[in-house]
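Supplied in structure tokens, the structure appears directly below.
A, B, C and D are the chain letters, set down in written order, and residue numbers restart from 1 in every chain.
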Amino acid sequence: MCRWLAYSGSPVSLNDLLYKPENSLVVQGKHAQLGAETTNGDGFGIGWYGSLPIPGMYHSIQPVWHDRNLHELSVQAKAGLVFAHIRAAIGSPVQETNCHPFRHGRWLWMHNGYLGDFLRVKRSLVLAVDPSLYPEIEGSTDSEIFFYLALTFGLEEDPPSAVARAVGFIEHIGRQHDVEQPVQMTVATTDGSTTWAFRYSSDQRSRSLFRSTDISTLRHQYPDNPVLHELCDDARLVVSEPLGSLRGAWHEVPESTCVVIHQGSAQLCPFSPTAPQVLVG
Amino acid sequence: MCRWLAYSGSPVSLNDLLYKPENSLVVQGKHAQLGAETTNGDGFGIGWYGSLPIPGMYHSIQPVWHDRNLHELSVQAKAGLVFAHIRAAIGSPVQETNCHPFRHGRWLWMHNGYLGDFLRVKRSLVLAVDPSLYPEIEGSTDSEIFFYLALTFGLEEDPPSAVARAVGFIEHIGRQHDVEQPVQMTVATTDGSTTWAFRYSSDQRSRSLFRSTDISTLRHQYPDNPVLHELCDDARLVVSEPLGSLRGAWHEVPESTCVVIHQGSAQLCPFSPTAPQVLVG
Amino acid sequence: MCRWLAYSGSPVSLNDLLYKPENSLVVQGKHAQLGAETTNGDGFGIGWYGSLPIPGMYHSIQPVWHDRNLHELSVQAKAGLVFAHIRAAIGSPVQETNCHPFRHGRWLWMHNGYLGDFLRVKRSLVLAVDPSLYPEIEGSTDSEIFFYLALTFGLEEDPPSAVARAVGFIEHIGRQHDVEQPVQMTVATTDGSTTWAFRYSSDQRSRSLFRSTDISTLRHQYPDNPVLHELCDDARLVVSEPLGSLRGAWHEVPESTCVVIHQGSAQLCPFSPTAPQVLVG
Amino acid sequence: MCRWLAYSGSPVSLNDLLYKPENSLVVQGKHAQLGAETTNGDGFGIGWYGSLPIPGMYHSIQPVWHDRNLHELSVQAKAGLVFAHIRAAIGSPVQETNCHPFRHGRWLWMHNGYLGDFLRVKRSLVLAVDPSLYPEIEGSTDSEIFFYLALTFGLEEDPPSAVARAVGFIEHIGRQHDVEQPVQMTVATTDGSTTWAFRYSSDQRSRSLFRSTDISTLRHQYPDNPVLHELCDDARLVVSEPLGSLRGAWHEVPESTCVVIHQGSAQLCPFSPTAPQVLVG
């Protein structure tokens, strides 16, 4: 339904990141190869960390491939942690408040996939959002409610646990409403220092997700890019689909997995939903 | 915070209605004379009834004065019942789903004013919306929640009573949250046949509202407009502020009043909120 | 680079025309089958003739598939002559003034294709536009300049001759600038009564163009569409690609051909450019 | 018709520059005090110099006061040379290519005012643009043509002389077409190092223009702004109208004057148009 990219490492030009790769996110806007949709033209967004703890965001309802402001900004800006997302809407209106990434304080969140039968379960999910967080909800997507559920379940303290609890809760509510596939997701979230990426779906047929092997493969990927040749070895990418066709450059992230990126290292852990506590007792 | 116009009567050119008057709604976009803001440039919308029972809508995030599509549409279209609204946003994002009028089936709704401290009371108000209506909420304004509360309280059966109950409920919730001015409103709603317009605020200092006297004054207002000269005598306008300076053409709608327009006749009734029933018993 | 549709006949719902066909123009926005691009998401436009001699226009920079105002308008409006165009930009900015159809008085014009090496020949072409028409040029596309050249060469008097002279002139200027393929085009133009459609390119490999056979095939095409079953036999469509897969419903328009649609009849004539007169003498 | 601001000096937060002043450019969007229009809501643009010689640009057709992306960008970005412009359109469409500043290589240009009877003289002016520059013209404003005329007359070599020749040429063409007021302007242009600002009009009643006195007055202007308190003394602003009401902080730029800002110093020189040479001989 969407495609996304999460970069962390030494500061890189957004232009190098978003436009130059052979199968860049901008190219995927028209011609995604592994997505549920080939066209992702229903708005997009980027989030980036500059010198402030709060990341900047640029959201647009234009297709990514013809947005001139994004190109201008990308040429000027460098950042060491970048989230970028292109949207293929499946019901929710195309408006800036529905563009990913979503932000809460210094946290960013983006999602590819859906919450099954969202309009049927939306009210129950929204009711579970912490009332102090509720007024921050600005848009109407399943992805944003998912984010606020994760925040409610402690995203800022323990992201893998909070996401597991949020997914478990959504699946629980979904089953109550006879939803066949309550959760389909790849998700990335960050506090500006560590990035957590998740691949999971209720039916174990999740949207595609890949991570870069290491910087040496990136250098092979972009042999003519002097920026990458000068990069430290801490550069890491997690992407919905490979940015190029170089063999060996990308590892598929396995089903039901969480990838944790921190200071150039990537760790993989199994991911499974946590059923709501109240049901156990 | 906004300005609006409700026309009913014989079919009239939208161009005559929206562009030609001396103080037209398009003029009020930049230079409202009686509004809380002189500039109403944060999107606009129109709703009109054609040959179908469901009205058409055109919503735009552009300022009304430079939207070329509105002008094109206005030149081509005639309608016998037209709602038009220009927005001065006070917090909610400028997006099409936040543009008035809002629609449910054959009903339209538009609002000038605000629900006081909306973000503090929003969750309580949304919880009171009928769960079967909840999934239809698309935007993030107080005005749309107000509409869905009125629908919940029976707008489709008895509009004055439903609006009175909705206002009473909002004031009740507001007082629970120490909101000083829970409701500031002029509202218009219609089923395509009858139009109800309300002027009310918790502190009895409501936004301006006027109604046209009768068609003969309209003919005086636009002496050079052949369309109006051929109009039946059933034409009626309710507006946030007069569309021109002709003395005698406009009556101010009194505080705490409901105006009912049907087949060319206008009736005024006192309007007061109905406190929630459950509190009485 | 683009896809378009020209309808003439008894008034038809724009919704039936633009949304309901299996391979509708809205579908072609994401998945054009015969175009140079599969994605036509860089704005769109429609022109339609209502009760006035001047057609209405709706232009949008949004992708056609998620523009809610177009859907609203289409549900409400019927017209007997409709032009619709979806754009895949190849250099010119995505802005309303670059959306087709273009209008001059009661004439409309839309174009699929390009003028080769446009930026190199643009100044020479613009200089040839009649100075009295020059101030009307609003956008920056090759297609609009092409329109104004055709107007300069007499479009309003004799469309096939004027288009032939315009194409001949563009090819002449192109050859002066060593442009290999000066003209690639399918074009439709109308005065609100007759529609002329052209298929031509300098290298005889023109963009696809089809015309409907007759109304009986349309009825087969949309067996469940009661509107079409009540249509007069004068309905005619010329389209960049068939709106459905029914065999026999569509004829390909041959290379270098002009189709003239008037009062339900379609005539085909050979089309060839007319070299500039001044060069002959 | 518009309002603008040109900053040069030590890098400053765009947020401090565009949002925080009492009568900031964002405030002037709705409530300009000295402009020909109080509302400047027809798009806006900024240009800023980062680490590259080519400045970045952000153009938007939204009113400046509700554009969330501008606020995001302003919070994140600092720059030592910033142009910002808000537009009140007087005929030309509201589209990104009509938003100031305009750019050519490392040069920026922005304009408040108009070229009189532009549509009558446009063709003659465009014909005078150097053919090698002609293809770069993207929009349809008088201001952009003015820029390309200045470039044609040598802006990159000697800005005051080139602007004088451009103005002289426009006045000459204007008089040929019986235009009463050929030029009304305040203009700012920069190569990223020096800024030139001009105040001139054919009838000597030019749009307002002010320059900041020196940084100490700025510090008085924003006593609570720690950034300004740490600024070097090289900060200089040229603005359509003062950003605040502090007495002594702003000098009006006299009629027919060019202000040259370089490395913290401001020089004023008389400005007068240069009549076309060919007419003299």
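Quick note on the criterion: contacts are C-beta pairs under 8 Å (C-beta built on N, C-alpha and C of every residue); 3 or more make two chains touch, one makes a residue touch a chain.
Keep in mind that this is a model prediction, so the values were computed, not measured.
The set of chains in contact with chain B as well as chain D comprises A, C.
The distance from the centre of chain A to the centre of chain B, each centre being the mean of the chain's C-alpha atoms, comes to 40 Å. Shown for chain C are the residues that touch two or more other chains, namely 68, 93, 96. Taken chain by chain, the contacts link every pair, so each chain touches all the others. Considering their complex, residues 93, 95-97, 119-120, 122-123, 126-127, 131, 134-135, 137-140 of chain C touch chain D. Contacts from chain C toward chain A in the complex involve residues 30-31, 37-39, 41-42, 61-63, 65-66, 68, 89, 93-94. Contact residues of chain C toward chain B in the complex are 48, 50-52, 54, 56-60, 68-69, 72-73, 75-77, 96.
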